[in-house]
Amino acid sequence: MLELVDVCARYNGTEVLSGVSLSVEPGKITAIIGANGAGKTTTLRCIIGILRPSKGKILWRDRDLTALDTKDIVKSGITMVPEGRHVFPHMTVSENLDMGAYLRRNIHEIKKDRSWVFELFPVLKIRSGQTAGTLSGGEQQMLAVGRALMSAPDILLMDEPSMGLAPMLVDEVFHVIHQIKQTGKTVLLVEQNAVKALSIADKGYVLELGLTILSGTGTELMNNPEVERAYLGI
Amino acid sequence: MKGWDILYYLVNGLPIGAIYALVALGYSLIYASAGVLNWSQGDMVMLGAFIGYNLHCLLGLNFILALLITTPAVACIGMLVERIVLRSLRKRSSPPVNVVIGTLGVAIICRNLALAIWGPDAQLFRSPVGSVPVEIGTLRLFPQDIFILILGIALMILLQYFLKYTREGKALRAVAQDRMAASLMGIDVGKSDTLAFAASAAMGAVAGILIAPLFFVTFNMGAGIGLKGFVAAVVGGLGNIPGAIGGGFFLGLIESFASGKISSGYRDAIAFTVLILILWLKPAGLFSKITKETV
Amino acid sequence: MDHGEQPILELRNISKRFGGLKALEEINISIETGTVHGIIGPNGAGKSTLFNVITGLLRPNSGEILLKGNPLSHIPPHRRIPLGLARTFQNIRLFKNMTVEDNVLVGQHVHTPTLILSIICGTRPAIEWENKAKESANTCLRRVGLESMKSQFARNLSYGEQKLVEFARALATEPELILLDEPAAGMNAEEKAGLLKIISKLRDDRYTVVLIEHDMRLVMEICDQITVLNHGKKIAEGEPQIVRNHPDVITAYLGKGSNAYAGTR
Amino acid sequence: MDRVRKLFLLLFSLVIGIALISVPYSGSAANKVLKIGSVAPETGDSADLGQAQRRGIQMACDEINEQGWAGDWKLEPHFEDDEGNPTKAASVTNKLIQETKVPVIIGAINSSCTLAAMVHTERAGIPQITSGSTGASITAQGNKWIFRTAVNDSHQAIALIDYAINRLNLKKVSTFTAADDYGQSGAVLLKAAADKAGLEVVVEATYNTGDKDFKPQLLLMKERGTEAIFMWGIYVEPALIGNQARLLGMDCQLFAASGSASHKLIELGGEALQGMILTQSFLPESDIPRVKSFIDNYNKRFGEDPIPHAAQPYDSVYIIADAVRRIDTTDPVKLRDAIANTSGLELVTGSPRFAANGDDVGKRVLITEIRGDAFRLVEIAAVELSD
Amino acid sequence: MERYKSSIPTCLYKLGFIAVILCVPYIIRNLYYLHLINLIGIYCLVVIGLNILTGYTGQISMGQAGFFAVGAYTSALLMMKLGLSFWVATLIAAVVAAVLGIIIAIPALRLTGPYLVMATVGFGEIIRLILVNWVPVTRGAAGLTAIPAPSLFGFRIISEKSFFYLIYIVVALGILIAVRISNSKIGRTFIAIREDELAAKSMGVPTNTYKVSAFAISAIYAGIAGSMFGCFSGVASPDAFTFNDSVGFLCMSIIGGSRSIYGAFIGSVTLTFVSELLRFMQLYRLIIYGAILLLTAILMPQGLSGMGPVFRKFSHRWKGKRRLHGNIQHSQRKER
């Protein structure tokens, strides 16, 4: 459904991606793991159009995304939960969710999705009148995910959802990702926390220095010593 | 008289404060969305006043109708400024000070175009609400002042409503808070800049029409009020909407007290001194929290 | 006080909070002179915060920092440089519109007097000092192998080269202790090898290096001691071999194994 | 290499600059042409005054040329804009002298600009007539090249104060003057005249040009029981002050000097200014034929009534033309002497006569009152016009 | 400049340049142009100071006319009231301006961007309002008149020609000193602060001291220029030191290229001549002027002095040497 073919990208003059290829299948969780600086986030930025790849193709339902603007990419059904949450700090929780549904017009559908999001994250319902800046880190992460879901995406790109969260919250986040998948959504997950990510992923890719070096199902990769090597430099 | 005194200066500072607030909102809105200073904001006030004058006084149009035509017309000019000036500057990733110079160029063009079209004389814009003062105790309130306050505050509420409850308004706020995240929501950030310029110009235009009966209409009226609006916006904390409103009223009140209580000649000097001192204590404006740069 | 070799840097019970978030909690680290000390940990572990606390850009909520036995707490950041403390930044903070040489010359700032009158009159002392500064700047550039690039604008260099310029700039402050924040990030294999060489040469010259790094291979290869942080706490410390096999470290990096969802798949 | 390039660039820009400005000036070659330079703020904050001066001069020149009033001499006005900035005023004065080669200059309006221009006219030895600046320092410098056809403010101040005491029996008054050269000199003169006549000045307030809110100052005046307000400034602010005073429920007598005397004042001020007393040097509703024809022509041509800043330059052109007519040369030195000896001319603002310091002591001082939408003559002030 | 090994052609360039400068009053006989050239020299000094402050140190000032005014009034008053000589008065004026520069720099230390702009605008206005309202000393709006001419060894500098030499000797000195400062450690530190204040601090730079010094230096330049301006025009009034003048200085700085000392000269030449050349347009002059400002800001982000490399690139292209410099071209889209 989403396919990256040999994508290269430069950032500040340095080649950060030097050939990333991967494919995401519908209804599955695909994880991209790898040590810091491997190019995971950059890959997502390329897909969503914040960064323009210098080479390669990004195919989404047989359409090349590389020349499109972010807003058009979002329109075509891709959403990203950015690293570091990036909620709108001075907007209330429910306004943040509304922003997620910015491109949608069908009020009825939006309402339905909103109650679904509240079901998924009961805490957001409690906090719905609070401004997002006053939420805790975990709650903000929930909000960021909820906001992304409000755009009714076909595929959800998640960038380091567990970063900076307490271990207990990390579990919760992964639980939610799993739930999202169960509603039939496709998820492309970028994680540092390899074990966690692979434990819920159907398929995983390991990035090192801007290259996809390994791929396989979650369990396959989890048992692959190469993964540990890529992380710990053994 | 003494007790009334304070109250009097208070009442007197409010209408002009409302005008400053409207202009300051323009600066703040643009700064929030596009992150630049639009130095032609004051001349949008002037254009608003002149177009309103043309429609209301020369063509004899109803005041409300004139207001309703003028506002979108000036908003279009604001949009044009964004499209022509800001976009070109963005494309070349110019330093922010170039935006100041560029919009200053726009201001000079507007001002002198107005001079060429309408001449150098002050033009009379009769108040639509008459000039019979309302007396409360020893206080005398002037209908135009009340009108300014009411319409000004109404406009501020309208703006709040626009920002809070409309789709485009919320998008504008989102862009102001987090440009990247906003684009991830599918918001066209460029369009939002245009909107911010249009809304700012529109508010300037309303301010222009509102003060026209008090100030008369002159081609260079924009310079002074533009500067005051800028000051108000900065003191309130640029990009901060409630801050701009607060800053506007604050400046209006300081001026009222300074000229009545200390010295009318030094009024602006006093206002500026107070404001510089405030900035010294609160470098990001009166109404904003200090955020420290981190590594 | 032990009378053996005094540690060049000692952190005692350093804590730093941002609002409710505990970025650093009771950190104790002691760094020996002439060693390469690695600080590792997953993202958000508090590593850069630690550097900011050491250099004085952030004030710790509690705890003490001793440089060569002297407390640093009340010394403003720019005064810590003459004491022999230098750093690089995670997201390169070069003076982009200056030449490479000028960048490094700014590093020389505290070691050259500002002879205003002499500069204005163009007299000998100013010229001599300038030449001297340039000479030592060139030495620093030579150390990182960028002497040939000295008249280029910093912004025109590749990412890896910029990292090296930052390194050279830190060296130009004539430090005893150098804090490197992710020096290898964005470098290709070749550049990393060069970096390794530079660092080990520094160790040979009795410099002390503290580095934050994500490239484990590099860390394991060069560091004498490693401190691992996670969630603001020190979870392990010791020689690379020990750290590498420390179970907490592996968990911190790869995440905790949890099979909660395995069954549902 | 870099330095060489920069030096080159420098040289290059200099050469280009010189080349550009050295475009030869094509002056008209006809004999008997009298060029008159005009320096006035045609843009900027006092553009209204500057443009009025332009109109006055243009009209006078056209009339004189049409009627052959100056014999064979054809008048050729050259207008330069000083933007109300003394630095620009100096530049354009220089330009008029050096490039346009005018033998006489009318201008400027802001005293600061006139003073800056005078430095250059004096240096070049060119007579200069200012028809707009009233600052005392202009004619107090012993500069023999400067003449002033602007009304003498001191006479106006005395006339106003006298009127307030003798006709209206006022005791407590306030001054409210602009913080510009015109207003500041007015404030001093008013205070001096009031002190001399024994009138108590309870508030001496000032405002900056461009101010719109005068209520704080007015309130203070009200508190101190002022019976009259003497204003000194251009018409915009007095109109606002009058209005705001009425709105505050003050029914004190308003006074102003000729600087405010414009039909715009009546238009902007409306009801509030009825009964306001102003001194003027000419009256639009005058019966004097010279004045009447000027006003009619001006009105026909520009669609509005002239303000003093149009009438005084208009007269100045006549003074110059008269001088040239007498000496039949444009030699600046002779021209200066001829202007100094002007006498017997009956012009719009009076019959000009120049004192040794250059002040015109032949001006009329008319005391007028706003009644309806016009100024009405109340009396001709009996101020002693001394040389 | 000393470190620069002068080759013979460069020497010739320099000598030739000096010779041309010295001859200017004899080439340009029209005093109007000479007057403009003198004005340019004075503006140039102010803009050099502004460039050090804005271009080098990165602190935008829209109140430079304030320092300019302080210089003009201080020296004029000292000369008129105390009978001091021009040279002493100028020195004191420079000191007074510097002190004011330091005073405004203190609140400005904590301010950046628009906040700094506001503070400097406020400073300029405060100065102007004091000049207007402090009548006993400044003589109010009409200003000071008959400011005495400077004299040197009994020779009174009063004609445009003699002023030309006075002004351009000072300008040459000013440029020389500014170039030396900018090429020295101090200049380097200024740029470092502009580029990244935090990094500079981390290199041991006492950034506050340097920021204050930049204000003081720019104030000294403006003060000296103001002192000469007062004598040169013979009058000093608040009308010559308005916000518009401050903005004008900033425009000169930006258009000439604020990051170059020579840019100050280019900027003052360009804007002065442009506004004079447009005089024939009468009323439409300022419209065109505004358009020129607008276009320059858009088309030349680095000002005229930044156009050098562009010209070179073009000439390279014409020569067929399409040698693109390393990494100039990488575009980073939408970097937050």
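Order as written gives the chain letters A, B, C, D and E; numbering starts at 1 within each chain.
Simple rule for what comes next: a contact is a pair of C-beta atoms (placed from the backbone, for glycine too) under 8 Å apart; a residue touches a chain by one contact, two chains touch by 3 or more.
Fair warning: this is a prediction, and the values are worked out from it, not measured in the lab.
Visitor: Under the document's definition of touching, what chains do chain D and chain E have as common neighbours?
Guide: A chain counts here if it touches both chain D and chain E, which gives B.
Visitor: Out of A-B and A-C, which chain pair has the most contact pairs?
Guide: A-C
Visitor: Which chain's C-alpha centroid is most distant from that of chain A?
Guide: Looking at centroid distances, D is the chain farthest away.
Visitor: In angstrom, rounded to a whole number, how far apart do the mean CA points of chain B and chain D lie?
Guide: 35
Visitor: Averaging only over C-alpha atoms, locate the centres of chain A and chain E and give their separation in whole Å.
Guide: 53
Visitor: Measuring from the mean C-alpha position of chain C to the mean C-alpha position of chain E, what distance in angstrom results?
Guide: Chain centroid spacing, chain C to chain E, equals 41 Å.
Visitor: Hey, how far is the Cα centre of chain B from the one of chain C, in Å?
Guide: 48
Visitor: Can you list every residue of chain B that touches 2 or more other chains, as numbers and ranges?
Guide: Residues 112, 115, 180, 183, 265, 268, 295 of chain B touch two or more partner chains.
Visitor: Which chain D residues sit where two or more other chains touch them?
Guide: 42-43, 179, 206, 208
Visitor: By the touch rule stated above, which residues of chain C touch at least two different other chains?
Guide: If we look for residues of chain C contacting two or more partner chains, we find 57, 89, 93, 157-158.
Visitor: Which positions of chain E touch chain C when the two form their complex?
Guide: It is residues 1-3, 177, 180-181, 184-186, 188-189, 191-192, 195-196, 198-207, 259, 325-328 of chain E that touch chain C.
Visitor: Within their complex, state which residues of chain C touch chain E.
Guide: Chain C residues touching chain E: 55, 57, 77-82, 86-87, 89, 93-98, 102-103, 105-110, 112, 114, 116, 119-120, 122, 126-127, 129-131, 133, 152, 155-158, 169, 173.
Visitor: Tell me, which parts of chain E touch chain D in their complex?
Guide: So the residues of chain E touching chain D come out as 1, 4, 9-10, 13-14, 17, 20, 27-28, 30-33, 35-36, 39, 129, 132-133, 135, 139-143, 145-146, 158-159, 229, 233-235, 237-240, 242, 244-245, 260, 262, 265-266, 269-270, 273, 276-277, 279, 282-283, 285-286, 304-305, 308.
Visitor: Using the touch definition up top, name the residues of chain B that touch chain E in the complex.
Guide: 31, 37, 85, 88-89, 92-102, 104-109, 111-113, 115-116, 179-180, 183, 227, 230-231, 234-235, 238, 263, 265-266, 268-269, 272-273, 275-277, 279-280, 283-285, 293, 295
Visitor: Which of the residues in chain E come into contact with chain B in the complex?
Guide: 54, 60, 106-107, 110-115, 117-119, 121-123, 125-126, 129-130, 132-133, 198, 243, 247, 250-251, 254-255, 258, 283-284, 286-287, 289-299, 301, 334, 336
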